[in-house]
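To start, the structure under review is shown below, and the notes come after it.
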Amino acid sequence: MSRLLEIEQLSVDFHTPKGSINAIRDITLSINAGETVCLVGESGSGKTVTSKAIMRLIDHENGQITKGRLLLDGTDIVTLPEHELREFRGKKMAMVFQEPMSAFDPVFTIGHQIQETIIEHDKVSKREAKDRVIQLLKKVGIPDPEQRYRQYPGEMSGGMLQRAMIAMSLSCQPDLLIADEPTTALDVTIQAQILQLLQELQEEYGLSILLITHDLGIAAEIADRIVVMYAGEVVEEASADDLFALPGHPYTRGLLRSIPTLDSVRGSKLYSIKGSIPSLNSLPDGCRFQTRCPFATEHCKQEAPPLAEYGDRKIACWRSDELVRSDFWLNGSEVSVEPEPSNLSVVMSESKDTKALFTVHHLRKYYPLQGSGLVRGHKVIRAVDDVSFSINKHETFGLVGESGSGKSTLGRVLLQLERATQGTVTFDGQDLTKLKGTALRSVRQHMQTIFQDPYGSFDPRWKIGDSIAEPLKVHQKLKGADLHSRIHELLELVGLDPAWSERYPHEFSGGQRQRIGIARAIALNPKFILADEAVSALDVSVQAQIINLLQELQGKLGLTYMFIAHGLQAVRHISDRIGVMYLGKLVEIAPSESLFLQPAHPYTQALIKSVPQISRGREERSYHLQGEIPSPSSPPSGCRFHTRCPFVTSRCREEEPQLRQLASGHLAACHFPL
Amino acid sequence: MREEAVSSKTLWRTRKTVSPPAIRQKGKFTVSSLFLYGAALLILFTLTCAVVPGWIAPYSPTEMLTDRILQPPSAAHLFGTDYFGRDIFSVVVHGSRDSLFIGFASVLVGGLIGGSIGALSGYAGGWIDTLIMRLNDILMTIPGILLALAIASALGPSLFNIVLAVAVSSIPGYARVMRAQVMSITSRTFVKAAASIGASPIQIFWKHVLPNSLSPLLVMGAIGIGTSILTGSGLSFLGLGVLREVPDWGTLLSQGRGYLTVAWWICTFPGLAITAFVLSVNIIGDRLRDHLDPKNLTQR
Amino acid sequence: GSQTTQGTESVKSQGAAQGNSRQGGELTFALATSPDTLDPHRSGLAVSVRVIRTIYDSLVVQLPDNTIKPWLAKEWTISEDGLDYTFELREDVVFQDGTPFNAEAVKYNFDRILDPATKAANAAALLQPYESSEAIDEYTVKIHLSTPSRAFLGNLSQALLGIVSPAAAEKYGDQLGQNPVGTGPFKFVKWDENASIQVERNPDYKWAPELVSNQAAPYLDGIDFKIVPEEATRIGSVQSNQVLAAETVPPQNILTLQNDPNYQLLQTNTVGLPYTLFFNLDHEPWNELKARQAVQLAVDVDTIVKTLYLGTYDRAWSALSPGIFGYDATLEDSISPDIDKANQLLDELGWTQGSDGVREKDGKKLQLHYVDGTPNREKRNDIAVMIQQQLKQIGVEVEVEITKDIRTVVYTNGDYDLYGNSQVNSDPNALYSFYHSYDPNTQASLSRLSVPQVDEWLEQGRVEKDDAKREQLYKQVQQYIIDQAIILPIYVFPYTVAASKTVQGIQFDSLGYPLFNDVSLQK
Amino acid sequence: MAWKITQRLLTSVMVIFGSLVLVFSILYVLPGDPTDNMVDPSIATPEMIANLREQLGVDQPFHIQFARYFGNILQGDFGNSLINSDPVLPKILENFPATLALTAASSLISIIVGILLGVLSAIHRNGIIDFIARLIGLFGISMPTFWSGILLILIFSITLGWFPAMGSEGWETLVLPAIALGTVGAGYIVRMVRNSMLDVINEQFMVTLRSKGLRERRIMYFHALRNALIPAVTMIGMLIGEMLAGTVVIETVFSRQGIGRIIADAIMAKDLPVVQGVILFSAIIYVLVNLLVDISYTFIDPRVRRSA
């Protein structure tokens, strides 16, 4: 295999108001023709910078390549003048971005934007270009390409846009495709479709792909080789098989172990790397991972390890040779970095009583469709449509489903943050839908929320101590020393230094902020906590820390959770029972294990199969859920899933299935459960 | 209608795309930073003039050296003398007090009233919002200067009336900005977080919404100081200026404008004073805007 | 407000006889403000009169020597009791709409002014004490007054009592002001609001008054009055030759234009009451002579006028302006500033210097409420500012109020200590409304003077037929007013026109309004 | 869409009516009346003034005057000026073209100069060009218009003689006032365009465009500018209002015909029917322009089109 791209000792600096920062240092990696290389690493490790450096796009962001070479097909891109560089961009190498919605210019049609690229590089007529665009759109699996050609980005769904983006990147048959987290913003079902598309295209065109992801599952599924980055440096490079079989760097090992798999022991403590990625302007001496590494020695603290070759893999660690050989490397839990390993959760699962805390009856939440003036009220979005279920005391109820299926809405209505259109919500024997004003506010102390975006959920002008104090002041009228000690107690409980209560939210990392969010949520000793995508925005290693924390707190405080997430592994790991939502309906409710082992609803099955997994071979994932979730303003008749269901019958189209008990505690709304 | 879905996506995105928070390159010592400091100094100087004019002005602003009228700028009279024989520099220095008063007081009054109704409107929503916004629309359709003109011409020229006129005409602008900001803050997660904790709407408003909504109003107010001075001088031009012992810049400018061909310095210096001050205020306001921009706040 | 004018004498440089007059051409003339209406009976603004004068003629004309001469009326007789005026009218006059001018037309005009529906403004005041009229025959009209008035003929010469075409007035009604028809030397063409008013030569014109030399139709084809309110722009448009002439030249520009060989500066003092500051005699402490005298001695009018008007305006000395019948020239130079004396007078009244330099008495500060009603017209606000400074020297605190609502503040509420006013008038009887005592139930005069002796002089002056006696009466009034320091006369307003040297023959009537009958343009 | 526009129009009518009531009330409640400028109280007797007021109807109580004006307006009769009985509607219509020309010309200058400088400024962010462009813009909004107007006259009419100092006939008379007024708008637009350009430049899709190998010029002037113009269009809508207001001063300085001068005079003379007429007219224009802006929005921005 020939080398397509060779990166040698690449360093990039950014000029910022606070001075120059070195974003990546001495990156060396290469991609062969037809190969798929994955770049993985935590957020902020420099993956995107690397990819933009390859395209020399950082020139436009005050960035500068300070060192190194970038050879594409033998040409050094680093020294190319801008006008020659343009010949490469789009033509020889192309890029697909994470957020397709914002990667397109919103005021031009999709077709125009793809066509523009073709005309720029291949000097063909408009007609010809248009034909090619339509072909490309067809190729990437967009139905009605002629019509889509004329559509604006805002008129298409995320999945469709990502396909269009891929079509655009392929428009001039590049040799190298760089995809920066191409599926992160998409639902698992769509993600699976896109990944498959990429693989097909690669085979067809013999593309080389540099895929950037923070999801090791994806890497496992599609990469030939994997490059692991940490804090601006490459720490390990190996073939996918080797890497998953035997990670060579403590960081890689940590990442791999942090991921809850679909077969991890539910409720057990997850492994997690302690701490979080250091910021670029306060990097530690020596090995950059040293502060978080359980195996760090004095040597590591003083001298940075070079990226050394071990056969056909490269590792930047002084001790990897010795470590990989040790017993605990692959299965040792004795080195878990969490100070006090506990098995509380196991205890808890025994003692769970089945008294319902929340009972929901025929709950509906309709939003009026705006902008239709005269016909207002006629058309509605059925965000939650006739949902009944209950949540037992001390249990964790997981909620999964594609985006737009109504999970968050259900959560909000449950807590009466929004009023239900219809139906009742009983909390501890009290009908919440009848409460108002002060009465409602005072029940609020028993139900708290952890938000997805920990940063946004704090008033940026408040010290975090004050934010945590807010509920205490509102409900318990705590003051002075009492308040103070309670805040400290809470911070300690979530594993933060109590002295930090004087800091502002922006001074914390994402994981720390989420801990603060949790501290605030548990301040009043609530009975119930709604965690809506509470860990989705976090890196896997941090995600594991938070999940552990949540479980630990549940044990200590006897909490009940509703846990909404689209990461199925995490939901499975933490939940006792799981509800699956589709288009405003609960289509299946089951205990965690049985849901994953024997999904009864085809939709559930499809979701589970879409999850990329490390432990599963590539070929296994043969079946994808096709198409996208329909609009909740005009849901399909009968079974709402029938448009995408592989087992659809005419009955499904006409008759709406009700939630039925299949086994004890296992309910599904399907005429023909699996 | 897809807002909710989109916003949860956007949150997801804000983490993932390391969109470098609007990096504004700042060299060690650029021309624009020179001007920023210049502007700050000028404002400081003007404030000093307004507070202790006697320290700066070489002459009394009311002293009429009738044997030295219409003298061009010289060492003795930096800005020359006017048709009364007053030292223009001294008049400008002393006149800063009233000018600044017009600027600050009308911003204060207009901003306070406009800000309050905007906040009420944005926070209360519903029919209150509709009502206030319609009223605001009504004010908007009447160009500010006409409103000011009507009020000033009806009430007669006095410093207070000018302030009132300018303030009233600026209300709709403040109200609109405040309303939009309050609405956007109200939709932020931390406000929902406070609500979910059980804080009452009034508590939420005072503790979260208001403090976070003030910065655009501040920026607008900073810039509004300049605009008010300009509107005030426009009123002087239309013959509704105030007559005080020491004229404010606008009055000075508008009264000296007839001398432009024979004694250019009379209206040039107060004109420059207005322009330079408004310019400085705008430069500072712009910078303030960059700093307090809610976008910069969220993504810091 | 009030208007200024009255030509003392027609300007010498513009010799009445124009040997080289050329026919034709259009004069562009920049006016300082927009006329309100061209209906003379409704107009309230001096600026309108400049245009109105070109379109309408009056029954009589007043010459600079204050004699009344025929115009549309050939001759007239006054009854012994002074109540009936019988006018013999010219028979060859036609209105610009072709209708004949006759006794009925005169009667119609005066009755129209009295009719409230006309909404006549100042004209109605000027016409007083008119009661009725009758057309004796086609060209003889008899006018009956309710009381005798020596000022009546002079008033009749004013443009506001110009004769409008009855046919047009009937036809246009309210809107005569937009469609003016008179008998004047120029015919109305069009009025672009706020931009220009155009009039054209009335070819049939042949009844010009003695005031002008060209008795026939004017030489000009027409006049385009441009409305240019902004001083700098107005002067600029003359200097950039966009217009040939512009009125009301500010003092600072008078000096420069006088020295410019390309331009000429025409100037005539207006006649009537000069710009005068009236004390409110009803207000403490200004009801005391010494207090007023102190102010009179402390205000350095010379400096004010010289400084502000750069020597282009004359200082006023009396309640009347020079050139009017009965003006007392002996008052000139009768007062000179004397701060010590002024201080002494105030001391005598018991006003003592306070710590802040302001005098006090019984815990009250010595304040003077100075009201002005114009946005610095003719630099009147600047006068206030200077007086404010000058009075500081004697410990009087002047508080200046500029208000548009003069009628309420000054006339109805009398809320002033010092208020400035001027009036264009053709007869010293103008003093009557300012200094005659008033019926407590009606509106007070500006001075609020109530002295039987003065009343008597003024009443007598109205009817006295002997000019010498009459003159004496008014001189007594003037002397009394100045001796008693009832007023502070400030300046006499000169009407000024800056014109290109190519413009010849601009004349001014007795009130200072420009006349264009003799104007011609040199190539 | 049609319903939306109708709805908008209905609210607009309410809003316009509201502004009439407001102006009417302000002028009514505050002291003074039109006779102040019509008669000289030192000549005329109080009875004469009272007569005049009665004739003009300004002695009537609020509700009667109110009912009369609005009754007439509803019948399409804008009434006559109190000062000189000029019918209001023809008066406005006669004066409006000059104002329209001035507003249009200065808006054009604002838009062209503003966008040009704004874009340059954003592209050369923090460079010397940015600095100069911003400074020009700032000067535009920092100078009192009457002052800059007089300066223009001094330089370009009196000294250089290039353009007439006054008047409203011919395009030459339009140049200086349009510049004086246009610089203000340009100042605002520069700022607006620069800010929105910077926002756009920070957008993700700019990276995409570069990654496609497009020319920088195309990226900036074709893609970025078009996006940046969307917020600028709203600005332009509001600008028309500003420009209309600005004519009040500028028309006086340059002695132009126009409704700006009419209303200034009318307000000061308390000539209510004229004031009402002009306010009604300018409110209608303001509302129309903004309606147009909203509609044009749906054409410029596909996102708005969809939600409409």
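Going in written order, the chains are labelled A, B, C and D, and every chain counts its residues from 1.
Simple rule for what comes next: a contact is a pair of C-beta atoms (placed from the backbone, for glycine too) under 8 Å apart; a residue touches a chain by one contact, two chains touch by 3 or more.
The structure displayed is predicted, hence computed values, not measured ones.
Of the two chain pairs shown, B-C and C-D, the one joined by more C-beta contacts is C-D. Averaged C-alpha coordinates put the centre of subunit B at 45 Å from the centre of subunit C. The distance from the centre of subunit A to the centre of subunit C, each centre being the mean of the chain's C-alpha atoms, comes to 88 Å. For this pair, subunit C with subunit D, the centres built from the Cα atoms lie 39 Å apart.
Between the Cα centres of subunit A and subunit D there is a gap of 51 Å.
For subunit D, residues touching at least two other chains, in rising order: 31-32, 150, 154, 158, 204, 252, 268, 307. In subunit B, the residues touching two or more other chains are 1, 17, 24-26, 153, 239, 257, 260-261.
Across the assembly, subunit A contributes 99, 102, 370-371 as residues in contact with two or more other chains.
Of all possible chain pairs, those that touch are A-B, A-D, B-C, B-D, C-D. Those residues of subunit C that touch subunit D in the shared complex are 1-3, 34, 36-37, 39, 42, 44-45, 116-117, 119-122, 124-126, 174-175, 177-178, 192-195, 226-230, 232-234, 236-237, 239-240, 242, 404-408, 410-411, 421, 423, 433-434, 442-443, 446. Put simply, subunit B touches subunit C in their complex at residues 62-64, 66, 69-70, 83-85, 153, 156-157, 239-245, 255, 257-263. Across the complex, subunit D meets subunit C through its residues 31-32, 35-46, 48-49, 51-52, 54-56, 80, 83-87, 91, 94-95, 98, 150, 153-154, 157-158, 161, 164-169, 251-258, 261-262, 265, 268. Here subunit C touches subunit B in the complex through residues 231-232, 235-236, 239, 250, 252-253, 255-256, 303, 306-308, 310, 372, 375-376, 381-382, 384-386, 388-389, 392, 400-405, going by the rule given at the top.
Against subunit D, in their complex, subunit B makes its touches with residues 1, 17, 19, 22, 24-27, 30-32, 35, 134-135, 137-147, 149-151, 153-155, 226-227, 230, 233-234, 237-239, 250, 253-254, 257, 260-261, 267, 271, 274-276, 278-279, 282-283, 286, 295.
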